[in-house]
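Below is one structure; the comments refer to it alone.
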Amino acid sequence: MTAKPMTLLVIVTEAVLEDILIDEITGLGAHGYTIIDGRGRGTHGTRAGRWTQGGNIRIEVVGSAQLCERIVARLKEVYEHNYGLLMYTTSIELQN
Amino acid sequence: MTAKPMTLLVIVTEAVLEDILIDEITGLGAHGYTIIDGRGRGTHGTRAGRWTQGGNIRIEVVGSAQLCERIVARLKEVYEHNYGLLMYTTSIELQN
Amino acid sequence: MTAKPMTLLVIVTEAVLEDILIDEITGLGAHGYTIIDGRGRGTHGTRAGRWTQGGNIRIEVVGSAQLCERIVARLKEVYEHNYGLLMYTTSIELQN
Amino acid sequence: MQFEPVVLFFLLGIFAGLVRSDLKIPGSIYDALSIFLLLAIGLQGGVKLAEFPLVELIVPSLAILLLGSLIPLVSFPVLRYLGRMTRADSASIAAHYGSVSVVTFSVGVSLLAQEEVDFEGFMIVFLVLLEMPALVIGVMLARYGAGTVRWGKLFHEVFFGKSILLLAGGLVIGFVAGAEGIKPLDILFFDLFKGILALFLLEMGLVAASRIAGLRDYGLFLTSFAIIVPLLSAVAGTILGWALGLSVGGTMLLATLYASASYIAAPAAMRIAVPQANPALSIGASLGVTFPFNIFVGIPIYFWMSKFIHSMGA
Amino acid sequence: MQFEPVVLFFLLGIFAGLVRSDLKIPGSIYDALSIFLLLAIGLQGGVKLAEFPLVELIVPSLAILLLGSLIPLVSFPVLRYLGRMTRADSASIAAHYGSVSVVTFSVGVSLLAQEEVDFEGFMIVFLVLLEMPALVIGVMLARYGAGTVRWGKLFHEVFFGKSILLLAGGLVIGFVAGAEGIKPLDILFFDLFKGILALFLLEMGLVAASRIAGLRDYGLFLTSFAIIVPLLSAVAGTILGWALGLSVGGTMLLATLYASASYIAAPAAMRIAVPQANPALSIGASLGVTFPFNIFVGIPIYFWMSKFIHSMGA
Amino acid sequence: MQFEPVVLFFLLGIFAGLVRSDLKIPGSIYDALSIFLLLAIGLQGGVKLAEFPLVELIVPSLAILLLGSLIPLVSFPVLRYLGRMTRADSASIAAHYGSVSVVTFSVGVSLLAQEEVDFEGFMIVFLVLLEMPALVIGVMLARYGAGTVRWGKLFHEVFFGKSILLLAGGLVIGFVAGAEGIKPLDILFFDLFKGILALFLLEMGLVAASRIAGLRDYGLFLTSFAIIVPLLSAVAGTILGWALGLSVGGTMLLATLYASASYIAAPAAMRIAVPQANPALSIGASLGVTFPFNIFVGIPIYFWMSKFIHSMGA
C-alpha cells in the first residue's frame, strides 16, 4: 500500500458562502474539495435547510497540514465573526 | 494556531428518529450538531432513502470525550435494540 | 465502554458508479456502508451535481484494516484510471 | 368488471421495479405529489360538504368510527394467536389495517368518475376520521400492561401529522371558499387530479415491487390475512353504508376505506410508538399485497357489492 | 372588504407551523414553484406590454424609481436613531423594505382578477425595476465611510440573480412571442398560476410561522415599523399612481409594490454584502409581520385607497 | 423560417448560464420534468398507434433501423482517422450521434403542432427503436478485439433504462387505454406538454451554456462534425421517409431523429461501458453544438427539406 499521511479539513458553514469559499479554498492551493448539503445547530442558531439559502454546507478538503492551516487562518480572519462556521482537522491516510 | 483536541461522534441511524435524537443530544449537553441525509445498508437491512421516512441520517457532534460517551451510552441503552444505529468516534482538532 | 478500534474508509467518486461499487464493496466482505450525495472538484474536473448522473457520491465503510485495504486495492486497480476517485482511511472507535 | 386506465401506471411501476430499472421518482417529487393529492381530496370534499347540513353527519360518523375501530380489535387476536406473531407485530399490523389509504380511496373516486357515479362529498370527512383511531388502538394493544407511551407525542403526530393536516385543511378551505371561490384553483386541484394520481401510482408500483419481492418471507398466513381482512372489512362497510342510506358511490367508498390499509401515516407512527415491531412485515403486507389487491381486484368487487346491495334493497 | 381564497392556504401554513406539524414543502419544490411564479408573472407582463408604446414608460419609470428610492433612505434614519439599531441592521432592514415582494404582488394581481378589475401590463416592468435600487442603497448606507464593497459581485448578484433574470426573461419572451405565440403555454403559465400561488403561500405560511414565534424578540419598535412603513409607502404609491394616470388596478398594484418588503432577493444579497447585519431581524420583520399584514389587511386597504382616490379625482 | 416560441426559453437558459446567474433547476425537478416528457411522448404515440395496423410497421421499422445503424458505423472511422481521436472517444461519440434526443424530437413535434401539420403516431415507435442500437454498436466499436464487455449489464441498462422504459411504457398504456381512456389524463399529459417542454428547455440552456464555454477545447474538427453529421443524417432521413411514404410531418420527424444526438441515455451508458472515453468531448459536442444547432437552425431546415421533397414527388 502506498498510503500517504495527509490532513482532512472539515468546514461546516452557511450555504450562502459556497461560491465565495470555493474561490478562497482553491485560491489558497487546494487541489480539490467535496461539498455536501446539510443542516444543523450551533452558536449562531438553527439552520434547518428549509429556505434555499438557509441551510448549511459541509466542505471537505484533503491536503497538507500547511494548506489546511492556511485555509483555517484565512476563514477565521474573514468569516468567523459574521457567519456560522465550524472547522476541524483530523489526520487521514490518503489511499490514492 | 489555537487548535483544541476534541472528539467527533458520528451517528448513522433512521431518519424517523431525527427530532427525538436532536432532543437527546442537546439534552445531554451538546452545543451543536450537523445532520446530513443519506442511505445505506447494515444489519437492519438496506434503507435506500426512497420513502420520506425510509432513509438514514448521519449526525455529527463535536464535543468533549465525556459528552460523546454520555450520548453513546444513552443511545445504546434506548435505541440500539430496535433501530438501525451505527456510532463511532474519532479524535479531531477543533480549529475555531 | 466497549469501543472497538476500527478503520473508516471514505470513497468519493462519480454517482454513476453507485450500484457497481456497492456490489464490489459488499462482495469483498463489508457488512455495511453509508452513502451521501455530494459535489466537488478534483483532478477530473468539477462535478457540480447538476445532471442526474453528474454528481459525486461519498461512501463510508467501517471495517477492519484488512477489509479496507482489500477495497482500496480493488478500486485502484479497476476504477482509478478512468473515473474520478478519492479514497482515504482513518482510525475510529466503533461504539456499538 | 370496470377498468380504470390509471392503474396501468401502477403496473408500469411494478414492472420497472421488478426488472430493476433505474427509474426513480425523486423523494421530493413524491412528497410534492402526496401533498397535492391530500390537499386536492380535501378541497373536493370541502366544496361538496358546503352544500350539506353538518349536524346530520354526527350519527353516521359515530357508527362508521365504531365499526372502523373493530377492524384492529378483531385483527389483533387473529394475528397474535392464529398467526403466532409477537405482540408488537400484531398490534402494528392491526393498526395498519384499521387505518386507511388515501391513494386507494382516490382510485375508488377515480373509478366512480369514470363510471359517472356520484358520491356524497362528506365521505372525505370519514377518510379523515378513520385515519386516526386505529393508530391509537394499535399502540394501546402493543403497550397493554407494559411500559409507558408518549401519548402526547403520538396524538400530536396523528392530529398534526401532514396527512390529517392537509386533508382537514383542504376540507376547511373548500368549505369556507365554496365552489365559487375555489374556481380559479379548479384546474390545478380538480382537472389535474387524475394525471397526478397516475404519476403517484407509478411510484407506488416501484415501491410495491420491492415489497412483492420479499413476500415469501412473510409467509402464507400474512399474505392471506392481507387479502381476507380487507374483503371482510369491505363487506361490513357495504352493509353499514347501505344501512346508513349512502348512495351506491358512497357505499362503495366506505367499503374501500375499510378495506384499505395505511402505508404512510401508520408506518411512521408505529416506528416511533411501537419500535419493537418489524416494519418490513406491516409495510410488506399493506403495500405488497393489500394495496395491489384493492387496486386491481378489490375496488371493482366493492363497486359490484354496493350496486348489488342497493339493487336488493330497491 | 375583498376576500381572496388563496390566502386561506397561507393561514393553513401558519397553522401547520404553529402546531409544529411535520408538513414540509421540499426545498426543490419550493425552488420550482418560485421559478414558475417569476416566469409566469414575467410572461403575463410581457404579453400585455407587447401592445404598448414603450417610450411612454420612461417618465413614469423614473418617477416610480425616484419615489421608491426614498423608502430605504427615509427608513434608515428611523431605524438607526429612533430604533437605536446598529448601522448594519438599519441598512439591511431599509433595503428589505425598499425592495419588493413578488408573492405579495401576485396576491394583489389575484385579487384584481377575482374582482375583475384590469391593470396595466407594464406594472411588471416596475416590479423588475424596483427590486434592485434599494439593495444598492442599503449596501451604501451600511458601508458609508467604512471598508470596501465588492460592487461587481453585488451588481452581478442583483442583475443576474434568478429573480430579476426570470422576471425580465419572462417579460422579454412574452413580449417577443406575443399573446398568439404564448397560447400553447397559457394553460401552464396562466391557468395554473393561482393554484401554484396557493401552494406557494402554504409554504410561506410554514416559514412565516417560525418567524412569528420569534416576534417578541424583535420588540415593539420593529413590529410597528413593519406595519407603519408599508402603510405610508402605500399611501405615497397610491398618490403617485393616481398622479401618473394609472388605472384603479395599476394604482393599487403600485401601492402594493411600495408596501411590500423583500424576503428572497434582499436576504441573500444582504447576507453577503452586509454580513454584520442580523438576518433574523430583517427576515423576521418582512416575513413575520409585513407579509401577513399585507396579505390579510394591507392589500384590501390599498385596493380601497385606489378606488377612493380615483373616485375623488373623477 | 418557422419560429417556435418555446426555443426562447432555451435562449434564456443559455443567457443565464453565460452570465453565471445563480438560477438553477433543482435536480429532482429536472428528473420529474424528464419523466413527464418521456411518458407524455409515449402516451401520445400510443394513442395514435391504437388506430393503426401494427404489421404494416415491420418493414419501415427495419429500414429505419438499418439506415440508423449506418450513422455510428460511418461516424466512427471519420472520428478515428480524420479526427485522430482515440478508439474509445470515437466509439463513444459515434454512439451519441447514432442514438436520438427526445427533447429535440419534442421541439419538432411542437413546431408541427404550431404549423398545424399532422404526423404519423408511430413515429414514436421509431424514437424508441432508434435509441438503442447505436449504443450497442458504439460499445462493440470500442471493444473490438479488446477486453470483455458486460453485455448483460449493458442490455439491461438500455432496455430497462428509464428513458426506454417510460417511452415504451407510455406507448403501451396509450395503446391499451386508447384516446377515450386517456381523456382524464389529457390535461396533464397533452395540454401541459408544451409548457413543461419550455421549462425543460430552460434547464437545457443552462447546461448547454456550460458546454458552449468549453467548445474551443474540442477544436474545429469536432465542432464541424457536430453540425455536418446531423445535416447529412437528416438528408438521408428525409429521403428514406419520403420513400417509405411518410407524410410531410413524419418525414420531418424522421430527419430530426437521425439528426439528433443523445445526451441522456448515451452518456450514462458510455460512462459505464466505455469508461476510457472522455465524456466532456461527447457531451460537449452533442449538447453544446448539435442540440442548439438542431433547435434553432436544423429543425426549420428539415421541415423545409420534407416539404420540398414531397412537393417534388407530387
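Chains: A, B, C, D, E and F, in written order; residue numbering restarts at 1 for each.
One rule holds for everything that comes next: contacts are C-beta pairs under 8 Å (C-beta built on N, C-alpha and C of every residue); 3 or more make two chains touch, one makes a residue touch a chain.
Predicted model, so just to flag it, every value in this text is computed and none were measured.
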| item | value |
| --- | --- |
| Third chains touching both chain E and chain A | none |
| Furthest chain, CA centroid comparison against chain D | A |
| Separation of mean Cα positions, chain D and chain A [Å, integer] | 46 |
| Whole-Å gap separating chain D and chain E, where each centre is the average of the chain's CA atoms | 41 |
| Multi-partner residues of chain C (at least 2 other chains) | 36, 90 |
| Two or more partner chains touched - positions in chain F | 24, 26-29, 31, 187, 192 |
| Inter-chain touch pairs (all) | A-B, A-C, A-E, B-C, B-D, C-F, D-E, D-F, E-F |
| Touching residues on chain B, where the partner in the complex is chain D | 14, 16, 20, 45, 49-53, 55, 82-83 |
| Complex interface listing, chain D residues touching chain E | 26-29, 31-32, 35-36, 39, 156-157, 160-162, 165-166, 169, 172-173, 176-177, 181-182, 184-185, 187-189, 192 |
| Residue numbers on chain F that touch chain E, as the complex places them | 3, 5-6, 8-9, 12, 15-16, 19-29, 110, 113-114, 187, 191-192, 194-196, 198-199 |
| In the complex, chain A residues that touch chain B | 9-10, 12, 36-43, 56, 58, 69, 72-73, 75-76, 80, 85-90 |
| Interfacial residue positions of chain D with respect to chain B in the complex | 24, 27, 30-31, 206-207, 264, 267-268, 271-272, 275-276, 280 |
